[in-house]
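Let me begin by handing over the structure; questions about it come next.
Think of it as A, B, C and D in the order they're written, each chain with its own count starting at 1.
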Amino acid sequence: MKIVSQKEIAKNIFQLILQGKLVSEIERPGQFVHMKVGEGIDPLLRRPISICEIDCENQSMTCIYRTEGKGTTWLSKKQQGEYINVLGPLGNGFPVQMKSGKVALLIGGGIGVPPLYELSKQLRNRDIQVIHVLGFRTKSAVFLTEEFQRLGDTYIVTDDGSYGEKGFVTDVLKQQNFDFDRLYACGPTPMLKALEQKFPEKEVYLSLEERMSCGIGACFACVRPTKDREDKKGYRKICSDGPVFQAGEVIL
Amino acid sequence: MNRFSVALPGLQLKNPIMPASGCFGFGREFAEFYDLSILGAIMIKATTVEPRYGNPTPRVAETPGGMLNAIGLQNPGLKKVMEEELPRLSQFDVPIIANIAGSTVEDYVSVAKEISEAPNVHALELNISCPNVKHGGIAFGTVPDVAKEVTKRVKNVSRVPVYVKLSPNVTDIRLMAKAVEDGGADGITMINTLTGLRLDMKTGKPILANITGGLSGPAIKPIAIRMVYEVSQTVNIPIIGMGGISSAEDALEFIYAGASAVAVGTANLIDPFICPKIITDLEQLLEKLNIDHISDVCGRSWKHGISGYHCP
Amino acid sequence: MNRFSVALPGLQLKNPIMPASGCFGFGREFAEFYDLSILGAIMIKATTVEPRYGNPTPRVAETPGGMLNAIGLQNPGLKKVMEEELPRLSQFDVPIIANIAGSTVEDYVSVAKEISEAPNVHALELNISCPNVKHGGIAFGTVPDVAKEVTKRVKNVSRVPVYVKLSPNVTDIRLMAKAVEDGGADGITMINTLTGLRLDMKTGKPILANITGGLSGPAIKPIAIRMVYEVSQTVNIPIIGMGGISSAEDALEFIYAGASAVAVGTANLIDPFICPKIITDLEQLLEKLNIDHISDVCGRSWKHGISGYHCP
Amino acid sequence: MKIVSQKEIAKNIFQLILQGKLVSEIERPGQFVHMKVGEGIDPLLRRPISICEIDCENQSMTCIYRTEGKGTTWLSKKQQGEYINVLGPLGNGFPVQMKSGKVALLIGGGIGVPPLYELSKQLRNRDIQVIHVLGFRTKSAVFLTEEFQRLGDTYIVTDDGSYGEKGFVTDVLKQQNFDFDRLYACGPTPMLKALEQKFPEKEVYLSLEERMSCGIGACFACVRPTKDREDKKGYRKICSDGPVFQAGEVIL
């Protein structure tokens, strides 16, 4: 896909806009793409990055990523007009079918925030009320907050209190005691676990991460066991069965 | 595609390119990308008597020019493979090579006996080399007598030719090759992965939950080529070569080394279209190099003269 | 540089970084680039009793993420090394580890006896693993009893501690390590190169005149790390780790695996400044990771707890 | 070094102008540089490329190379303003000390032609008469001929006769029977061998090629045996003792 633009929107956080036919195949928010980083054999594997926003008209999509290691650092050096080898869209994403007027609570942690943005937009289009609770490490790592605010109530916390409230997303939940019909979350596993435990009776969708190689369901790299021991398969592939699962489906 | 057809025990290959076991699942996912009938054959994921869940995650880690995997032979078990996967694959005009694994000789015999009856299974591939399973795996693949024994027992019950997949984690792979040939193997597939380890910078601990994993990808190619070169001069049964192939040039290098056909593993995980691409490119490469038939150059690295020989 | 000093048998290292044998000649060329006294130690090129010319060219070939070499132990012979190379190196404040090779046990003994008397030679490194020499090399490095015997004989005559350099081309490297420990080795260096082969696309023939060569460079790192991990849990003598190191992170990964110090080989051939660079970077890396002393994290991959242990 | 310009001057033949301090260290024509091609580990090794022309004033130098494999193909894609990691100058190059008025015969084959250009310029500066005989495979592979013509008589041959005369450089020598004081040559080994045999009595300097890794004399990759069996070392390293040797010094 062609790079339409790339910019650093927070410390080590990059917003990348890509254009290509792949966009028209995206079915749901929460799907991801698998990017070839580097031209040769090192890095060898693709890198999974969530789709953050779709612009069907321009056949473009936005990804937001943090530079972690070799692959994402390489990616951050690519410039407008250059091409990137992208496989996707992959995975199943978040279900958005919901009655209008209902309330959805969207909870994101750090680099788990991006896929919630397209989700929020699509829910709003269906006249669903959205509430966002977003957690970041520190002020310099905060991004996309204004965009979320435009779509609905948005609560921001940082680990060190340098932006928004100090604390974790779960602290906000304790304080606010939101009334909601469905919860969506993406972020670090401990956060997802906490949410799963906190709302056993609710309809909760969690987007998971796992080390991948193929990203298409062929290699069995990204498997997690199901909670249900009687489950026919006993496992789910994060890449092709997920990355979004209903809370309780797989063991976190 | 005539310069491409290769006849091996049990296998009439349209072309010498096939996906390697474990890197193609049971073909389901790749069937969404292209028509599997264009492949020379398909090596399906290792099948065991009972379903296996495999190892905890992380199961993969990247290395310079390669990757480690410790999937742990996850598979739905013999019954499911026989009832679902193989019948589904029969819609494609392509021979299946069934990769079989187990922890005891009896395991191998049970799977071999049953799976070799599936109509589209044209050959077995005994995975005596998978380094990820605590029991069995290592010993079968590194002790010549044990390898010979399991080969013999499987040959006794199999309805189709038996290929044995060799592990590179040995001092002298020729001894292993000779042993399985003596055990009655119809062919050899090689190489499986080399045992490797990666540690996390922050914690100092292994990245893989299983600690070690099998190294595959471009990094291992020169080792694989060396081993095919050695084994092809040692045995009189054909070799399907693999280890780091990601281009037509790589494929041809294995043929030069002494392989009659080749399998592509890790590269499928990076580019799902790699097998069709290699098939197309290889045809052009042969054209460019004035090679009439792929089998003419099998073993060219060690055979005298330039062509006219056929492997083995 | 205090968090860096490492004491090993015969060696008081300023820091745990040294160039590996064969990738640094006798230091002459690198002395033009930087002051060799900053190095932890220097492993000089293999020395044999008589001068050796080595193999015909081509002697090197590139592979994905690695290279093959078949230099064939070219060296000016014991006399020249004693009279010219070692005295020249004595201008630098750095301990020399003399890599010695031979075709018979007697060869090793002769070189060991004499070279260990050189005042700046602080340790010997027995190269029982060089895969390029037709006679001796392979057998010494792959048969435990033979390795033990040569170690013992060399220990008998050496005035300085003896490290044995292990070959990775074996089924179980722990057996080799145990054997040389039993033979009296004071330490182990590992790994030497893996045997590999590359073929020319046009001719189909080996690129190296020697046919096969030793694979080194980043490609082999995960195999080296796995072996250091295995051996450091098997023996009670220290390990100098090597195989594909080209950054401070790589060096630290070997220490985590169980090495007490590390050697940098192939990377010197690509960047002559790599050793000083790694020394500087490693200091920063330790700072960043809050590691007080390099020895605190030796073997962290398999030791319980986070620090406080020293290797071995 | 910084790329000042790069252009394709014949089919698959590129002219690369590099700028950097390294230039001021060049001592003789016929020296070479060792270029890092690719950013990562594949290709792993540097590539030796001869220095074709030096411009001390601008601290720049020209290299001319043919795309052969991965490394040179990568190099050919680099553009003006980009940087390349270059080690050098390496090796010893051609001796240029010679009395003015003498005649030098320069013979180049294919991609062996470039280093002769700086050599010819420096000889001309010393008032030495230069005669060039340059051989190429075919018309599309011919380059630098006008530049050589400006410095002295220049004879061109191609294997297929599509440019200049048909034949090998040795054919020109047979026909012309040049009178010269010293011969310099760079090109394929069979050509060098033929020249060595043809002029056993003359002062002949040959620039050799060999597969290298370090390029600085440390690894013993690029060694050739000396002709003289009684030679003290018995070998020469092409990279650090050469790449230029007097005919008869090493076995070709």
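Keep this in mind: contacts are C-beta pairs under 8 Å (C-beta built on N, C-alpha and C of every residue); 3 or more make two chains touch, one makes a residue touch a chain.
Labels paired with UniProt names: A, D = Dihydroorotate dehydrogenase B (NAD(+)), electron transfer subunit; B, C = Dihydroorotate dehydrogenase.
In this text, all values refer to a predicted model and were calculated from it rather than measured experimentally.
Trainee: Please state whether B-D or C-D has more C-beta contact pairs across its interface.
Mentor: So, comparing the two chain pairs, more contacts are at C-D.
Trainee: What's the distance between the Cα centroids of chain B and chain C, rounded to whole Å?
Mentor: Using C-alpha averages as centres, the distance is 34 Å.
Trainee: In whole angstrom, how far does the Cα centroid of chain A sit from the Cα centroid of chain D?
Mentor: 56
Trainee: Could you please state the distance in Å, as a whole number, between where the Cα atoms of chain B are centred and where those of chain D are centred?
Mentor: Their C-alpha centroids are separated by 46 Å.
Trainee: Let me have the rounded angstrom distance from the C-alpha centre of chain C over to the C-alpha centre of chain D, please.
Mentor: 37
Trainee: At which residue positions does chain C touch at least two other chains?
Mentor: As it turns out, chain C has residues touching two or more other chains at 63-66, 218-219.
Trainee: Any chance you could list the residues of chain D touching two or more other chains?
Mentor: 41-42, in rising order.
Trainee: Chain contact graph: line, ring, star, complete or other?
Mentor: complete
Trainee: Where on chain C does chain B make contact in their complex?
Mentor: 63-66, 68, 142, 169-172, 194-199, 201-206, 212, 215, 218-223, 225-226, 229, 244, 249, 252-253, 256-257, 289, 297, 300-301, 306
Trainee: Under the definition above, what is the set of chain D residues touching chain C in their complex?
Mentor: Per the touch definition, chain D meets chain C at residues 36, 41-46, 87, 210-214, 216-225, 233-235, 240.
Trainee: Could you pull out which chain D residues touch chain B in their complex?
Mentor: Going through chain D, the ones touching chain B are 41-42.
Trainee: So in the complex, the part of chain C that touches chain D is made up of which residues?
Mentor: Those in contact with chain D are residues 22-25, 28-30, 45, 51, 53-54, 57-67, 69, 71, 74, 76, 217-219, 246, 266, 268-270, 272.
Trainee: Along chain C, where are the residues that touch chain A in the complex?
Mentor: On the chain C side, the touching residues are 64-65, 218.
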